[in-house]
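Read through the structure below, which is laid out as structure tokens, and then see the notes.
Should a chain be cited, it is by its letter among A, B, C and D, assigned in written order, with residues numbered from 1 in that chain.
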Amino acid sequence: MSTPAVAASAIAREAGSLRHVFRWALPVAVILLVVPWIVPQYTAILLTYGLIMAIGALGFNLLLGYTGLLSFGHSAYFGVGAYVVALMVKYLRVGSMELFLLGAIVGSVIVTAVFGFVCVRYTRIFFGILTLALSQVLWSLAFKFFWVTGGTDGLRVPTPSLLAGLATGTGDKTDFMSHAYYYYVLVIFFACVVLMWVIVNSPFGKALQAIRDNETRAEFVGVQIWRYRFVAFLVSGVFTGLAGALWVPLNGLTTPDIMHWTFSGEIVFMTVLGGFRSFAGPIVGAIVFNYLKTYAVGYTVYWQLLLGAVLVALVVSLPTGIVGTAERLAARWKKGG
Amino acid sequence: MEVLLIHLVNALLYASVLFLIAGGLSLIYGVMRIVNLAHGNLYAFGAYVTAWAIGGVAAGAPSSLLLVLLPAGAFAAAVLGAALEPTLLRPFYKRAEEYQLLVTFGLLMILEDLLRFIWGPYPLSASELFENFGSLTIGDSLYPTYNFLVIGVGIVAAVFLWAFIYKTRFGVVLRATSQNMRMASALGVNVNRVYVQAFTLGCFMAGLGGAIVVPGQSAVLGMGVDALVLAFIVVVIGGLGSLEGALVGALIVGVVREAGIAWFPEIELAVLYLAAAIVLLVRPAGLFGRP
Amino acid sequence: MSLLVTKELVKYFGDTHAVDHVNFTVKHREVLALIGSNGAGKTTLVNLISGLFPPDGGQILFRDRDVTHESVHGRIEAGIARSFQLVNLFDQLSALDNIALTIFSRDHKTKKLVSLASADGAVWDEAYEVLRLFGLDAKARMLAGGVSQGERKLLDVAVAYALKPKLLFLDEPTSGVSTREKAPIMDTVTSVVRSMGISAAIIEHDMDVVFNYSDRIVAMHQGTILADGTPDEIRRNEAVRTTLIGTADAH
Amino acid sequence: MPGMMLELERIDTFRGPAQILRGVSLAVQHGEAVCLVGRNGAGKTTTIDSIMGLLPVRAGKVAFQGRDITRLPAHQRALLGIGYAPEDAGIFPDLTVEENFQITSWLARPGGAGGAPAPAGNGYERIFSIFPEVREFLTRRGLHLSGGQKKMVAISRAIALSPSVLLLDEPFEGLAPVVVTRFIEAVKAIKALGISVLIAESNLVNATRVADRLYAIDRGEIIFRGQPNEVFQNEDVMKTIRG
């Protein structure tokens, strides 16, 4: 908020022109399409993780960036997505990814509807603490009901079949994940990006931004605040739930860790890293964070220290995140040149 | 009957520690309107320092010396707090709440690993003091005497804090600053100094909680993060920013948790979180909070 | 023929009678000025009528319908809109977006999640037209937080106007702007209001503005209505001169 | 200038993006009561806040007893001897009236200002000499005071600091006419203690009853300075301020 004019002009410009979006989106899409053929499998799998987290962060940012609500409970919806899939495997012997996604959507709609009903009446720190507390309820349940959830051992999820059995991971799992599954995730990622882009640029999205900017005035142009917040909460949670469902086959295992509030913190982190005042921020942030964390974990046991220092430095010096800063630099360069 | 008594003492034991942590968190919020996500790690820091002093440096020393070393963790946490507030937090008071939470979340991560860096990944124990105290019998059962010390410290801390806040000059200035910072500064109160003092006091309380808890249970990584969430439940129930609220909230959480452990161990934590959510629904600002 | 009538409207804050049994009317197609010293109850009255908080007693009738307990949303639907004394805009949205959002909301289009706002040409045309009406079309793409104070005041009125109300409350449309900007703002606002045939109730302190631009003046004092009449009547009113102007020796 | 207590030189002050004060200059002499009159939103409170250091001054200079205090934090200005009673009284609601006084009396400078010696004993004699009523609700909490009592406590509290100059923001607002007269007497008593007073006031009549000198402010600009009796002859000022 230190430089509102700069930060927000990004949104105004972004929302303004489709052409601007395509100039950026098309090359990025092309790169994403060819990546599995040019980079090592391991890198492609990391990118898959990144894309999945990007979907989750995109959902999260509908609340933070566009509605002005900081949730510390998004691990809950991610976890619901993942556990719904794991439980479908365990109890229903389902193996179809499409059914998984359907189940995750249904599950996260139910959970976010209940949580949202409670939470949207609060704002600021109270919203944050309430979402955190509610998400911890789910965490403690996943933790304690080990005969259902496997407790800290978690639940295993085998490689699913994609597109109603068209592609199955019977062969090399790494190969399957870095190609077939990568493209599967990529298509859903594209769909989610387009959908979210439409949502934030819809009249509904404008209403959310109005609520974020000025709640009282929003009410006085006829926006019924709670309802809009509730719908935003629902959409946000479902996106993150979907990410959880996509994540679990890739990871092969789900544990209560992903329900813990510190994982919510990571979702917040990646969004801020990318820049929560811009649409692309959470996407960039999620992908970068995923690499950052992987390398930090591999590089030192003190990876938390490293990431914590990055976060503090980021908040102190680059509050608009990677995308916000890049846009500012680009604008300055353009002006200068 | 004595089972019930033991449960009650356990509840008080738990409430004492929780009050120290949550009271500090609430005090800091009450004065400077900042929620310090790293607060639990200051509690853990206090535990580690005391465990290191009692279990490491002075191991084998007589109980009286160990007892003198017990508050080391509290003072260490206070010093850390006094260093952190002006450097890391002060620039954020005028920024949006998101940034305050983020910076303290970053601090949480840093402190978590600093503990690992300094004291390694294994639990640090100070059980010598705990054992030296021996145990007494309640009915037919043996109960560790040390636990009564913890309860005693909790009670003394509550009384002391009450007197400090309501009976001293500093307390009056502190309350004035928390109620209307602008007005306090216009009356000659150096608000920055009050902030450092309040933050230091809050960290001292958290550190004290860690210090007295560590002889009975070891200092482990992750204890700070767990404690923070429990402290949140306490302040949500009691009302963010209210010390009375922290006290009542800690007692409620202590009793509910002990009852949970006794009768429905699977959902003990879930019940706590649900209790907090219900209180928020009925009284959004908590039992003692002001909206 | 009255558009709005309040009957014995009451609001207490602690032991102050902010609005004390007020019977206030606004007629069709009039520009009314609401005057009175600090704390006379003008803004409280507008807050009660626009629904910011509920009254402690009395009734509000709008077009013969009781709206006393109606939600803010319901009152806007009925045709009551307002601006704010301290500018209350969506600062991170462009001036055009501020208006467009209002139109979307008015037309119940904000419920649409999956349609691009930019695709609805009719709304943007209308939004642009509203800006043009208020002389703000050159600032359409600028962020509301970034235009001058005078333009912000106008934009605030424009947002309320875009709701197509039948009754528009304006809370000090010229406060906080320099002397130079005062008259142009009032010229613009009153000409829009008059040409569109809607009623406006304007809270104002500046007597120049009040006498020049209003058809009728209601003077409040300590929560009650002290006088009600044409500018000429108010100018001659002894009670107004002694209590509000502070001297019977007015020019 | 000798005897100068407080001096503003062409200050500009902003609230957020909006410029509120435009080159405001004013001065308060030793032992003088000065009124700043203007309607709601004219910039009176912003002027007071700028003097107190509660709002940063973007351009210009604030001087107190010849010393430049433009960049000094609020609490240091208070300790130098600038007393302040805001429009909403700013009483700490959970503190008793006595505790409200204690804060300032603990911080008050030894030696005092305005010629009066530092308060002895509990130090409230000066307060009681101006507002004897305060004695009766000394143990009451701020929360439970009426509007007029709050204003009384606010002024008394500022006096407890032994200030050299007192800033009063709308001290008579919301008071019944009889009480206003009571407060005007109090302000005169404060002046008699040797304390200079700067009052922000929207009611011109009240202003002329207390002031030695008047400034009128409108839209952030000083539009008149002079004697109270001159203001009624100035048609422009009258038009702007009334209402």
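Keep this in mind: contacts are C-beta pairs under 8 Å (C-beta built on N, C-alpha and C of every residue); 3 or more make two chains touch, one makes a residue touch a chain.
Predicted model, so just to flag it, every value in this text is computed and none were measured.
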item: Pair of chains joined by more contacts [C-beta pairs], A-B or C-D; value: A-B
item: Chain separated most widely from subunit C, comparing mean CA positions; value: B
item: Centre-of-Cα separation between subunit B and subunit A, whole angstrom; value: 33
item: Subunit B-subunit C separation of Cα centroids, rounded to whole Å; value: 51
item: Distance from subunit C to subunit A - Cα centre to Cα centre, in angstrom; value: 43
item: Touching two or more other chains - residue numbers and ranges from subunit A; value: none
item: Arrangement of touching chains [line / ring / star / complete / other]; value: ring
item: Each pair of chains that touches, named by its two labels; value: A-B, A-C, B-D, C-D
item: Of all residues in subunit A, those that touch subunit C in their complex; value: 4-5, 7-9, 11-12, 15-16, 18, 195, 198-199, 201-207, 209-210, 212-214, 216-224, 228, 231, 235
item: Contact footprint of subunit A on subunit B as seen in their complex; value: 35, 37, 88, 91-92, 95-99, 101-103, 105-114, 116-117, 121, 225, 229, 232-233, 236, 240, 265-270, 273-274, 276-277, 280-281, 284
item: Complex contact set, residues of subunit D against subunit C; value: 17-20, 22, 39-41, 146-147, 170, 173-174, 202-205, 218-221, 232, 235, 238-240, 242-243
item: List of subunit C residues in touch with subunit A within their complex; value: 50, 52, 72-73, 76-77, 81-82, 84, 88-94, 97, 100-102, 104-106, 109-118, 120, 141, 143, 145-146, 159-160, 162-163
item: Contact set on subunit C toward subunit D in their complex; value: 14-16, 35-39, 85, 87, 145-146, 149, 152, 172, 175-179, 182, 204-208, 210, 244-247, 249-251
